[in-house]
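First the structure, then my questions, so here it is.
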Amino acid sequence: MTTQTATSTRELTFAEALREALHEEMARDERIFVIGEDVGAWGGVFRVTEGLYEKFGPDRVVDTPISEEGFTGLAVGAAMTGLHPVVEIMFGDFITLAMDQIVNQAAKMRYMSGGQAKVPITIRATTGSGRSSGGQHSQTMHTWFAHAPGLKVVYPSTPFDAKGLLKTALREENPVVFFEDKLMYAKFKGHVPQDEYTIPFGKADIKRAGKDVTIIATARMVYAALEAAEKLAEEGIQAEIIDPRTLVPLDKETLIQSVIKTQRAVIVDQGYIDYGVTAELAASIYAGAFDYMEAPIERLAAPQVPIPFSPPLEFSTIPDPQAIIAAVQRTLEGRGA
Amino acid sequence: MLDKEKLIEIYRKMLTIRRFEEAIFDLYRGGKMPGLAHLYSGEEAMAVGACAALNSDDYVTSTHRGHGHILAKGGEPRRMMAEVTGRVDGYCRGKGGEMHIADFSIGILGANGIVGGGLGIAAGAAFSAKKRGTGQISVAFFGEGGINQGIFYETLNMASAWKLPLIYVCENNQYGEYTSWKQITAGKRLIDRAIAMGAAGEEVDGNDPLAVYEATQAAAERARKGEGPSLIVGLTYRYTGHHVGEPGKGYRSEEEIEEWHRRDPIPRYEKYLVENGVASGSDIEEIQTEVSETIAEAVEFALAAPFPELSELTQHVFVE
Amino acid sequence: MAVEFVMPRMGLTMEEGAVVKWHKQVGEAVKKGELLLEIGTDKVTTEVEANADGILGKILVAEGVSVPIGTPIAYIIAPGEILPEAEPAPQAAQATRVSKPKIAPNNSVQTGASDGDKNLRASPAARRVARELNLALTAIDGRGPQGRILETDVRRAWAQLQRSSERRVTPLAARVAADRGIDLSQVQGSGPRGMIRKIDLPIAATTPNLEGELFELSSAHKVMAERMATSFSTAPHFYLVTEADASALVKLRQKLLPKIEATHKIRLTYTDLLAYFLSKALAEQPMVNAAWSEGKLRLNSEVNLGIAVDSPRGLVVPVIHSAGHLSLGEISMARSELTEKARAGSLNIDDLAGGTFTLSNLGAFRVDTFNAVLNPPQAAILAIGRIHDKIVPHEGQPAIRPVIGLSLTCDHRVLDGAAGARFLTRLVELIEEPYSFFV
């Protein structure tokens, strides 16, 4: 369990934690500027950039036309020439418009130039379904970028993790795609220390220790897992919950060691099931913990359909605590007392 | 107007490009170069004329047909030759290759394998220069094919709205791969697209380096003064097709090719220099010999250079 | 990293050792320095400690099997570690792989992995553990989904096997239990490591014990029994018996007692004196200090005198090495030290090795003379009885004189009667006329 320091903490929402990170890092490093739709004068559609425009001015908080490819490409060029842009993609689904700039340009520039280029760009994009926004506004596309060499991919679950990881991203000299679940911005709260801190990439966090089964969950799914774990504990089943926090670089070792201990794993993520994050994590675990496994790995994710509009249909695509509990019980079948 | 030294330099650079491309042609045909070779032969006036108006620290992005731009901006033939032959002593340690050569030390932000791929980057460099207040400007080279990519309009819109110090140099060599521009391009003039967006636009003879120079010089002044972006469109022609060894020349007529050879920018400029007393016949010869030797040495250097070690494979993905 | 445990070298002359008793089971935790097993040589049984912390991962040599020193006999592994499949085949002809647990009557679990395992549904963990414990999956009952065998199933089967394995029940208890239909898996054993003995069985106490219990012999006892049987049946024994006048011996001892006490702080015994005389006589007649060795005769260069001692573990024969070079006081000290070690059970292999002649003294008991069995490969052994008063002819008149009985056993392959007699005569001379030592 990540221990918080003894210094004072306060409760912040997910958005407030991210906002604080932006304020602090922009004050610290004048190369950083924010660019995206409605981020400046309006303060951001999800309020994450609120207050930055007033504090740092239009030079550092740039409102753009609706040109995802254009302003992402512009940000890539700016990153290559001495600045650190923070691009906001309002709905993560729109990131597809900027794929060339991110995958073919930003991700490959350093390698193709033999190390001459440096591309310190942070691209923030949203994920998550559950508000009847339909198939083009509800997707979780992190795995697309984890698959492209040259990109780091971050996906925090708590305000504490979000702030610490965003600060690290803003100090990174490499392209980072930073995913934020939009349903967590205003409603999900957590303790964040007053004092300065960062969280390194490549370090998973054990959100709950246990011995009977390992549940690996990302972002909002961590909360569903915690709820499921409480119910399971009533039946004497102690689940260990691990949050990878960064998909690239991925802390495989922590996941593998946990499954060696518990011998069973359930992986929960909001992306689509096929070829998704759950598939990659499962493969890594099989590779590292095969001889210790008692059951096949259970994967819970969105089914391979466009996210539907109608609420009962949409909710059925989001893994919930009941589904996690059922998955855990499947892995324990036959174990006996 | 340019002084004598600069005028001769223009000649030297155009010739360097031509000889370089000819050497690549031979290397490629001789099986000594992997991948593809997209040669700039015939378009030299555009790259050299435009770069003559730029400072060393101004930014340039290029295309898949980038040897000309890189040499014009100051790139070294031997390091380029080593790169196209995949050697570790190349600009990009053999990892970029013919379409991705870059020299960040002289503002060359890379040739690019995606058509239009340099447009966003050039706009970003202009944005960065403006924000940092350095007075640098940014030039995006692209073709009449790239001008139809969405990102041209997106960046032109932002550059015009924000008055970025950006120059778009469109080399209309009249063919996007194997399709003639006439069949797929709307509007009377390409520059109208820029003018419609509030930017400046100028059409030039793409085979006249001095015309290209003057248009770029004017655009550079506007940029440095904060008056925003310009689009320069030059009509020109590529002699060796889209890439060396393309299947047949059937999409272009023999007459057309011959016609454009008659308008070869290099002999034309030679004539201009001699007729205007800028350079003598022997000056020309001297330059020709020098250039040939430089290119020959570059080839030798490249072919003797080692390939990268396998350990190079996983390096430079990230800044560690 | 798996730590190899080899048959250790416990003494100068040890070339091979037998695994007498494992004190840990496969799967049990082991600490460095903890007792792991007992090893037997032809002389003595020794306790051996584990050389690493971990878990006893594999036993390669079973109890009762003898292997050359340096042969791997077990592996100690780290928790969670898996051993490679490779098997180091021990050199000794008798050595076999870990003996498979016997199948108890009610248990149908078979042992040893087989090809039939390949088509079974079993979790990776189950397969690994079954491999480690050398269990076949084919007969394990799987309680996972669709009958999949889980690790818990494998461990359950193993535990069952442990409880019902034969070697944890004495043969008598097993027979009685079978006769009376007693389920041994319900019985708690009170013997070593939970071994079930007849007294553990739940049967009425009034049942008379008609037969008497069979006890396992200690390793040392077993060894002695074998050696004596072999010696007696192989070497042709003949016995030369006599009685010597012991008065000079008694006087000699009396005189020497205080002197030896002063110089060596030790109480001189008759055994010491006889040992001293023996060394002299053996040095004079090397044929008696010989050994029969596969059809050849070895004349030993040193006189290494074995002194038979009664110890808590039974008869042991520690050796006073190079007795011919030792003074009486030194011989006395050596004898004392060895006797003490024998009583404490702390004799090591070197103490027992290399003997060329043995002296066996039952003089403390009511034994006048006795004939000893040869201590192979030695050619002779001297047995002496008590010093006691007897009416004997002395200068033509009957007198009461102290006498001592001596019996020299000889290996007729090495010695003939005359050679043996010459030796015995010389010895008697030294006893009756000690000053003839100077001749």
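Residue numbering begins at 1 within each chain, and the chains themselves are lettered A, B and C in the order written.
Simple rule for what comes next: contacts are C-beta pairs under 8 Å (C-beta built on N, C-alpha and C of every residue); 3 or more make two chains touch, one makes a residue touch a chain.
Everything numeric here is computed off the predicted structure, so don't read it as measured data.
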{"item": "Per-chain CA centroid nearest to the all-protein CA mean", "value": "A"}
{"item": "Most heavily contacting chain pair (counted by C-beta pairs in contact)", "value": "A-B"}
{"item": "Chain B and chain C: spacing of chain centres that average the CA atoms, whole Å", "value": "95"}
{"item": "Between chain A and chain C, centroid-to-centroid distance (C-alpha), Å", "value": "70"}
{"item": "Mean-CA-position distance for chain B and chain A (Å)", "value": "41"}
{"item": "Contacting residues of chain B [partner chain A, same complex]", "value": "59, 61, 90-97, 100, 102-105, 109-110, 112-114, 117, 119-129, 131-132, 138, 150-151, 153-155, 157-158, 161, 315-319"}
{"item": "Chain B-touching residues of chain A, taken from the complex the two chains share", "value": "33, 59, 64-65, 67, 69-83, 85, 100-101, 104-105, 109-118, 149-150, 152, 173-174"}
{"item": "Interfacial residue positions of chain A with respect to chain C in the complex", "value": "260, 263, 290-295, 330, 333-336"}
{"item": "Contacting residues of chain C [partner chain A, same complex]", "value": "80, 82, 123-128, 142-145, 148, 150-153"}
